[in-house]
Amino acid sequence: MEAVGLDVLTWMVDFLSGLFVDPFFAVARRPDKLVQILIQGVSAGVMYSLIALGFVLIFKASGVFNFAQGIMVVFAGLSVVVLIEAGVPAILAIAGAVVVMIVMAFAIERLVLRPLVNQDGIILFMATIGLAFFLEGFGQIIFGADPKPVPVDALMIPDGKIKVLGGLLGKPVRIYELDLTAAGFGALMVAAIIVFLNRTKIGRALRAVADDNQAALSVGIPLRTIWVLVWSLAGIVAIFAGVMWGAQSQAGFSLAVLALKALPVLILGGFTSVPGAIIGGTIIGVGEKLGEFYWRGVMGDGVEQWLGYVIALIVLLVRPQGLFGEKIIERI
Amino acid sequence: MIYREAGQFKTSYAADQAIFPILQDRIAVAIMMVVALVVIPMFGSDYFLEIIMINVLFFSLAAIGLNLLTGYTGQISLGTGGFMAVGAVSSYKMAILFPDLNIILIFLLSGLFAAAVGILFGLPSLRIKGFYLAVATLAAQFFLDWLFLRVDWFTNASTAIEGVPRSLFGVTITGPAATPVAKYYVALGFVLVFALIAKNLVRSQVGRAWMAIRDMDIAAEIIGIRPLRTKLLAFAISSFYCGIAGSLMLFLFYDSAEPDLFDINLSFKVLFMIIIGGLGSILGSFLGAAFIVTIPVILTNAPDLLGLPISSELAKHLEFMIFGALIIFFLIVEPHGLARLWQIAKEKLRQWPFPY
Amino acid sequence: MTTSTRRIGDTLLKLEDISLSFGGVKALTNISFEIKEHEILAIIGPNGAGKSSMLNVINGFYHPQEGRITFRGQVRRQMRPYDAARQGIARTFQNIALFKGMSTLDNIMTGRLLKMKRNFLWQALYWGPALKEELEHRKVVERVIDFLEIQAIRKTPVGRLPYGLQKRVELGRALAAEPDLLLLDEPMAGMNVEEKEDMCRFILDVNDEFGTTIALIEHDMSVVMDISDRVVVLDYGRKIADGPPEEVRRNKDVIDAYLGVSHEEMAAE
């Protein structure tokens, strides 16, 4: 019995030191690795943020927690790819995808949102789960179930890599041009969205709708137009996210599950905050890449599959409104 | 006319609180029992028993479990697959480690393991609600997926977990060698007992406390309900049901399965069952499970019968589309699902054929 | 009025120097008053005077930053609303807080929650002691249903009931808990004269038959003057008067608060 107790104890010590001590030694040994992983994390975070942005837009304007955003990203990405494969010039292919997403926004507003107006948020949430299933089946029928490579050349996305900091860290750190492009475009898009929400008349109307759609209706804001508009915008954001995600691996339906990672990002950032989506994305991206690399020794592969969710869960326990959300005061 | 309760007076509160207070219902239930216990096992083909009945039964159990949590207590969960995995894996482990342990006991214990895990992942429900909680339960789903795939101990270092052959009263009831009839009876037994227990819970004080939390948590607290304790009990009992359903799924249907069978799509499937069947209805859990189980079967068989062969892949994609569309349809038209439609039908039947 | 048959007893709840603020906004400032056993106390005041906040403090939903609450002679530590319920404090709400998906019967049964002792394993069986307990409490609830004359809507989901009946069901739920202190937040708001008369009768009967202490918020002055033993008046989070209805009616500060003008102005006219 004593021997077993000792075994368990040594195992515990090993496990805990593997979690909390060894990583620091590993960092000291190979600082370049740490920098490399941080860069990987940030670029993964940018990708999550791109999807999260679409969520935030829709949530802000319609209070709908759009579970189908991930599948919309896949849909948008594949539309571009399929059009290019059919010989359409890249710029027209993107325009075509924009049309597809706008048509989709109209259809969703007419068939899903309008009949469910004034329902509980949770009912709408479940409806978007249904929507996600529908789009997945529909998409696989029209695009085929196999993932497709994104023609980066046709889209003129650079896909080389740059080596930097070789002198400082002993070994150089690789940065992919693809990630840089994604980050650059992402920043541009965030800026555009923030300006749109805060500076334009329609942006303000959109925020009013988010606060209280009954009240917004009563002061003459056309609810339906706003909804179509914001779902179209989220669709356009999805095109970009889909192309960039696809360029990193391939554009396929397995991305939809990966896109669920945007959910913990949203929880961290608060559902209505655009900067929150970016910062949340970075925290989750960096956190899970660090965990994946430094905890591989004790936990094996795949830590990144769940670490983001657990980080979000812990944050929720401390701050139920997320890092940037407003404090909820309950009234009765 | 045929469904008329006039003249049936109740003289005690006990009679008024029976599950089926109306005579016609009691007759219908008795007939259904005879069909389930005698007719189906006697005349049903093996295909019908396995592909339809056993599937419907263990899914009903999972759907009841999720319905207790989501439909009655209002805590939405996307971790059902994970909790079912806990049940399946723990009953597999116990069957291997303790060869002499009775298989029924193993199933029950696997439910307890799932309940413990459910409590753990239910803790965040103290502070978070609605879709925030849904995301939190995704943490359970993905963590458990990973755990059972990566940690060899759970799968005894093989790629699959197995429904170990076991017998009860000399009859083999689990594993590949067991007959569909034997498996069917085991599944039916569990489902009948636990459906009754679930019904008892929801018509007692526990169930009323759950529904109070669902309908208005602040008011519930003010009349003396402890929110955390009540929610955790819902998580525990719900996961207990899901855990047993997971065990039955492995031991009575798949016989051998990779742990990723219990992935997030399974969670969605069970969620769809309760939305279509009816949130907050035990009967609805059965109807939803039957509905979702039979649709793919019809989809794969009907086109052939009609002379329109479609590939199995296309059938799969159509299934996704149909499920998705149905969910939206039900949420729009009848948020209370098939169970409510049944209730409406009963109300019509009371007067039929002379509505005025 | 049958005040003569009731005996107003000792202090049940004592509030001393209660102050409550939300992020710098003061809701209540230095409020002290007592609620005595068996009395009907009315809390009145203009909109936003802090009346509902006062009830929320009493049943533990809000935690005042300053002050002391003594219930039955014991100083109360910070508590959650369910602790207050355990001490025998029940209430109704300004915006009805019923469980909309449940029937009238089930809603009122929830009021018996703290009195039922069988754990969930017994309830899972719904047999023997659990069944006996369920039926016993059903009997009590049926008495409440008879008392409030809502037999006909026993099995109706409360979400489908008209406003006045919902208010009545909510009172039923609070009564089912057999509270020592019953807090009623605008029990007659939005009712027509007939419904108000019914509600008044119920409140007086409860107080009379069961000796329940009642603290209520009400806007209808004639109701307040008719049924209450004592009136506390709040304005801008402060207590401006406390005494028997007749006295309060003549109080200058109270008249000012309600008319929103000062005496100087009135004198000038």
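Chains here go by letter, A, B and C, matching the order in which they are written, and residues are numbered from 1 within each.
What we mean here is this: a residue touches a chain if its C-beta (ideal position, glycine included) is under 8 Å from a C-beta of that chain, and two chains touch if they have at least 3 such contacts.
Keep in mind the model is a prediction, meaning the values are calculated, not measured.
S.K.: In terms of C-beta pairs in contact, which two chains are most connected?
M.R.: Greatest number of C-beta pairs in contact occurs for A-B.
S.K.: Among the chains, which is located farthest from chain C on the basis of C-alpha centroids?
M.R.: The chain farthest from chain C, judged by C-alpha centres, is A.
S.K.: Using mean CA coordinates as chain centres, what's the chain A-chain B distance in Å?
M.R.: Chain centres of chain A and chain B, defined by C-alpha means, are spaced 32 Å apart.
S.K.: Taking the mean of the CA coordinates per chain, how far is chain A from chain C in Å?
M.R.: Centres of chain A and chain C (C-alpha means) sit 49 Å apart.
S.K.: Quick one: report the Å distance separating chain B from chain C, using the average Cα coordinate of each chain.
M.R.: Inter-chain centre distance comes to 42 Å.
S.K.: What positions in chain C touch 2 or more of the other chains?
M.R.: 61, 93, 97, in rising order.
S.K.: Name the residues of chain B that each touch 2 or more other chains.
M.R.: Chain B, residues with two or more chain partners: 218-219, 222.
S.K.: For chain A, write out the residues touching at least two other chains, lowest number first.
M.R.: As it turns out, chain A has residues touching two or more other chains at 332.
S.K.: Help me check something: in the complex, which residues belonging to chain A touch chain B?
M.R.: 65, 111-112, 115-116, 119, 121-123, 125-127, 129-138, 140-141, 145, 257, 260, 263-264, 266-267, 299-303, 305-306, 309-310, 312-313, 316-317, 320, 330, 332
S.K.: Give every residue of chain B touching chain C within the complex, in rising order.
M.R.: 13-14, 17, 197, 200-201, 203-206, 208-209, 211-212, 214-216, 218-227, 233, 237, 280
S.K.: Would you mind writing out the residues of chain C in touch with chain B in their complex?
M.R.: 59, 61, 80-82, 84-86, 90-91, 93, 97-102, 106, 109-114, 116, 118, 120, 123-126, 130-131, 134-135, 138-139, 142, 173-174, 177
S.K.: What residues of chain B sit close enough to touch chain A in their complex?
M.R.: 76, 123-124, 127-128, 130-132, 134-136, 138-139, 142-143, 145-146, 149-151, 218-219, 222, 264, 268, 271-272, 275, 313-314, 316-328, 331-332, 335
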